[in-house]
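Letters A, B, C and D name the chains as they come in the text, with residue numbers starting at 1 for each one.
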Amino acid sequence: MIRVGIVGATGYAGAELVKILSSHPHVCLTSITSRQYAGTPFYEVFPTMRGRTDLVCENFDIDSFSDKTDVVFTALPHKLPLSIVPKLIEKGKKVIDLSADFRFSDVATYEDYYQPHTAKEILEKSVYGLSEIYYERIANSCLVGNPGCYPTTVLLPLIPLIRNGMIDCDFLIADSKSGVSGAGRSVALGTHFCEVNEGFRAYKIDGHRHRPEMEEVLSKEAGKKINLTFVPHLLPLTRGMLTTLYTKVRGNHSSDDMMQCLETFYKNRPFVRLLPDVNQPPDVRHVQNTNFCDIGLHLNKETGQVVIVSAIDNLVKGASGQAVQNMNIMLGFDETTGLI
Amino acid sequence: MIRVGIVGATGYAGAELVKILSSHPHVCLTSITSRQYAGTPFYEVFPTMRGRTDLVCENFDIDSFSDKTDVVFTALPHKLPLSIVPKLIEKGKKVIDLSADFRFSDVATYEDYYQPHTAKEILEKSVYGLSEIYYERIANSCLVGNPGCYPTTVLLPLIPLIRNGMIDCDFLIADSKSGVSGAGRSVALGTHFCEVNEGFRAYKIDGHRHRPEMEEVLSKEAGKKINLTFVPHLLPLTRGMLTTLYTKVRGNHSSDDMMQCLETFYKNRPFVRLLPDVNQPPDVRHVQNTNFCDIGLHLNKETGQVVIVSAIDNLVKGASGQAVQNMNIMLGFDETTGLI
Amino acid sequence: MIRVGIVGATGYAGAELVKILSSHPHVCLTSITSRQYAGTPFYEVFPTMRGRTDLVCENFDIDSFSDKTDVVFTALPHKLPLSIVPKLIEKGKKVIDLSADFRFSDVATYEDYYQPHTAKEILEKSVYGLSEIYYERIANSCLVGNPGCYPTTVLLPLIPLIRNGMIDCDFLIADSKSGVSGAGRSVALGTHFCEVNEGFRAYKIDGHRHRPEMEEVLSKEAGKKINLTFVPHLLPLTRGMLTTLYTKVRGNHSSDDMMQCLETFYKNRPFVRLLPDVNQPPDVRHVQNTNFCDIGLHLNKETGQVVIVSAIDNLVKGASGQAVQNMNIMLGFDETTGLI
Amino acid sequence: MIRVGIVGATGYAGAELVKILSSHPHVCLTSITSRQYAGTPFYEVFPTMRGRTDLVCENFDIDSFSDKTDVVFTALPHKLPLSIVPKLIEKGKKVIDLSADFRFSDVATYEDYYQPHTAKEILEKSVYGLSEIYYERIANSCLVGNPGCYPTTVLLPLIPLIRNGMIDCDFLIADSKSGVSGAGRSVALGTHFCEVNEGFRAYKIDGHRHRPEMEEVLSKEAGKKINLTFVPHLLPLTRGMLTTLYTKVRGNHSSDDMMQCLETFYKNRPFVRLLPDVNQPPDVRHVQNTNFCDIGLHLNKETGQVVIVSAIDNLVKGASGQAVQNMNIMLGFDETTGLI
């Protein structure tokens, strides 16, 4: 039985990892850490897990933690993994990091939007963990930079179409909407119930750090510098993320051509579901508590305007579910093991 | 005291009219009709109004209704006003119609998206009731076609910029999000609590009937045929609508230029609030239960991409509040009378 | 592999059964019926199940249905099972009925609150399916009347205390609060999003049909006629039910005595979780999407007043989860199989 | 024009006061204070008020504040008013305090549940501001201790029945449910959107500080020591509070007798609405954003059990609306002035 540990188990992504891994048939969750709740049984922090796990939160100690684990998920605020992940790699662990610290190929971009990168040597080993796209590279890696939630909704529908030259990459707009759990469990006025409930707003217009993450991947895929207009919004719900993408068709491809392209690409990828009927487009309700990404597409033949809608659960496919999917791939399990 | 009547008082827009008009200082609500609830006190249908109005719902009878009213709001499903409004006009009433029946200048467009128009002769008299834009024409009219909720969020920010040549009208995308009350009070699976709560989805992608309404007005303002890409979405909240608009700047106008343009245009229009700080963009919470339209704007200097966000309460500025604002204008009152 | 069928698969309880049974390791879901959606793939009715089941809804036909199934869940409005269940029993099927039709021992009470009972001969065979309480009888039965959701929250905490003589059965009040899914999927003004959202109300005060169901069981357990004051309320959320019970302690039992009684009773019943800390009482969030019933208890020593709070997911432990738990018991599986 | 000030204007109750008083026809809001937001325009803290008030938050300074105000609302956490209110009274201001500091007659009880009372000399002058009950005393007072939100829902229905000897005061249970705004605007994990949304729980079972407040008033009214069993719960909504009361009828009074008693008592009190139909009991939706308290009542003739349901908006009738109502009474205005 593979032994798995989680560093940072009491944020929302960490807790989702505990939930998923507690019932994963091929691994054993052996150690979870939390500075804030060290010494407290996990089920007291997340009472839904009472009777489902007896694990107690620990302080992170590299030696004792390493002794107990083969595979490690780091679910920490960015910057912290820069000092922890190198040590885990050195100890021979396979690591899936959920922060932004190991997602970028270009250090300069990372440093523009975050802070100095102090683990450049292992950054090179890292693979961007968009499971369906970089499956083979993930399978062979020891370090995965798990994608951001917004990038997952944007990249899964776009990359196959870009690779097949079907859309105009000079025209890309992503209007995204996220549930509140995406903002994390830290207390702040912006996530106070009364400041969110019955509300809806855009935030960080043109300034969200997931934009450079997406632009780096898109540029690589397109073979040229891509600009993405990206506006995230906050939905008054707990879990779920939906992105409405606007682009232009290239040439005279039809709507069916584009759907066919996606179907071919995702034929053996069970977590991407393509919705054939434009009148039943994705709804975050249909992916909640699952690892699915639902995608629908519409082409206006007259104008060439393409509208693509994609939906995920931001804590599952947008974070912990995809992280476990990546673990499955790294360990040679079926990618769906332990996941819905 | 001006006597006011409402035909169709027990839908959500009708009920909002009752609420607003019941405490309007210069008019007296004298008659309300409802097929479904004829004979029932209004406060039994909407218990929040208990103690605030004693009006009893009546069946609509043109003669008795006309005897009791000087100004009439028709808040009915489209098609019904086609037979009722002409009679009211003939009786010399001033009419504000909240359906789509008197919004279009071009009968053919109306008939493409709705049904045959059987009151063309009075359609010509009708003024599109976007209060801040067509103020003077509304003041002189006896029939107002009150705008749709989505069009209000799209047209208020765009028209001043179009008139001043600041944006590229060949590139217009409106990603709109509406609360559930916009779908009306009729029962349907799509508005069942459990089918909406914790959900979010697009609907009628490229197929919503507010698109031709907006395109007609935009084309008139721009002096050429305008295509609008329009995707409405359903928010899991009761009241509120937010539209994120994507367009391109023309020439080398700055963000300040555009804000200045809007400020000049709306200087004496108290219900349009321009938000100077891109970090505090509009939120539907801030306009709920008010007649305000909040607008924020962002320009990406590098790409020329413009993002505009506008927010209203779909039942107030998006329907009944704007209708009362139009009545105020038609009757020579201050446009804010009886409104917040 | 045991073959399982569901009659009435497209209500909320039926759909929850499909979800649970689709991933149950020891049974195979072979047939689902729905009058309204006959011929439609289940995943088109409930798109969350796309890729998880290929079953198509069928019209119910006793012969073909019986050929394909060994165990049957009937998830229909009451009255319909009266004609269907006898035929299934006759064909030798094990049946779990989720309606009220086979819950009552006393036909007269049933007929007072529902309608004439036309299957009295098999009613006698039926066992009340409160899994933890009537485990042995369920194990030996071929027909289970699955409990109502409210009764599950009321009876699980009370029965052990009644059997041990710890509370005053002449003083029993249940103030219950249910999520909207408890009202079913039929469309009605009362479940329109805008009529429920941001709202909270009592309904059917002293008149809900779950009261006689509870009183019958409580009376049997107490050995005398019990009156229960029962007031249900509607919560503005999709799933979850919480009951606050008020009673009086008998004798000088302490709070610890009562908790000890419950702990002993539920020692080997994993789905009942007793919360030791009165400051962390049950929350419906902690039981959502699980089959748990969480119970907390407080005694005011001065007044002898006892407050008990219990919480379940109304669609899982309050309906389909408990139904599958009963199936597990009837088939000799571990009661937790396929359930969380 | 009476000049009004608010000390503590940026909590939820303070902000509601700003909203109400900004459009009150007979007073002028001249000064608002906030430690946290001193120097910031109020509309930047609560953007819904943009264009509706230009007031800037100030630091509290007794002299400059007193120069600008005749009537003062203190909307501060308890304890702070103990030092501020005496100074305001000394300066001859009329004061309405929204904290618990001036609600209790019995200092010892206050000190048991809060802290040492350091302004006992003016406590004696204070009147408990339950508007409909203590109208005359409020009219003649210079200091009002504005009631808690829960006590308002419990006392308004009970006091008339107690005064008329219609209910058994030895049997009183209040099962209360409050919206999240009742917890205030301070950030805390317990009010994080994701910890409340789709959730429901009891809290402070038998330990909430509104219990002694209610017991003091009830005991005074009943002429003997009253124990109240009080369990508050947290509703996943922003505004609204509903209490379900359980008591026993005395003698052979009928349901009609009790309703008649309430109707007589509240005949000229427009903010208490009695709902005659047990099938349309109070709903928090019907009182939101109003100063109404809706009350419904049911008697089980067989058992003598009485169920009373009352509903208010916790920020309006439960706090700021009632405070303004009290101001109206103190200043000799119609009690409904400026309120809905």
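We adopt the following convention: a contact is a pair of C-beta atoms (placed from the backbone, for glycine too) under 8 Å apart; a residue touches a chain by one contact, two chains touch by 3 or more.
Everything numeric here is computed off the predicted structure, so don't read it as measured data.
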item	value
Chain whose mean Cα position lies farthest from subunit D	A
Which of B-D and A-B has more C-beta contact pairs	A-B
Centre distance in Å when subunit B and subunit C are each reduced to the mean of their C-alpha atoms	46
Intercentroid distance (Cα basis), subunit D paired with subunit B, Å	37
Intercentroid distance (Cα basis), subunit B paired with subunit A, Å	39
Shared-contact residues (touching 2 or more other chains) in subunit B	197-198, 236-238, 283, 285, 288
Subunit B residues touching subunit A - in the complex, by the definition given at the top	173, 175, 177, 195, 197-203, 205-206, 227, 229, 231, 233, 235-240, 242, 244, 246, 278, 281-285, 288, 296, 298, 300, 302-303, 305, 307, 309, 311
Subunit C partner contacts - residues on subunit A that touch it in the complex	23, 44, 47-48, 50-52, 198, 270, 273, 275, 280, 283, 285-290, 292, 294, 340
Subunit A to subunit D touching residues, read off their complex	12, 180-181, 185, 187-189, 191-194, 196-198, 236-238
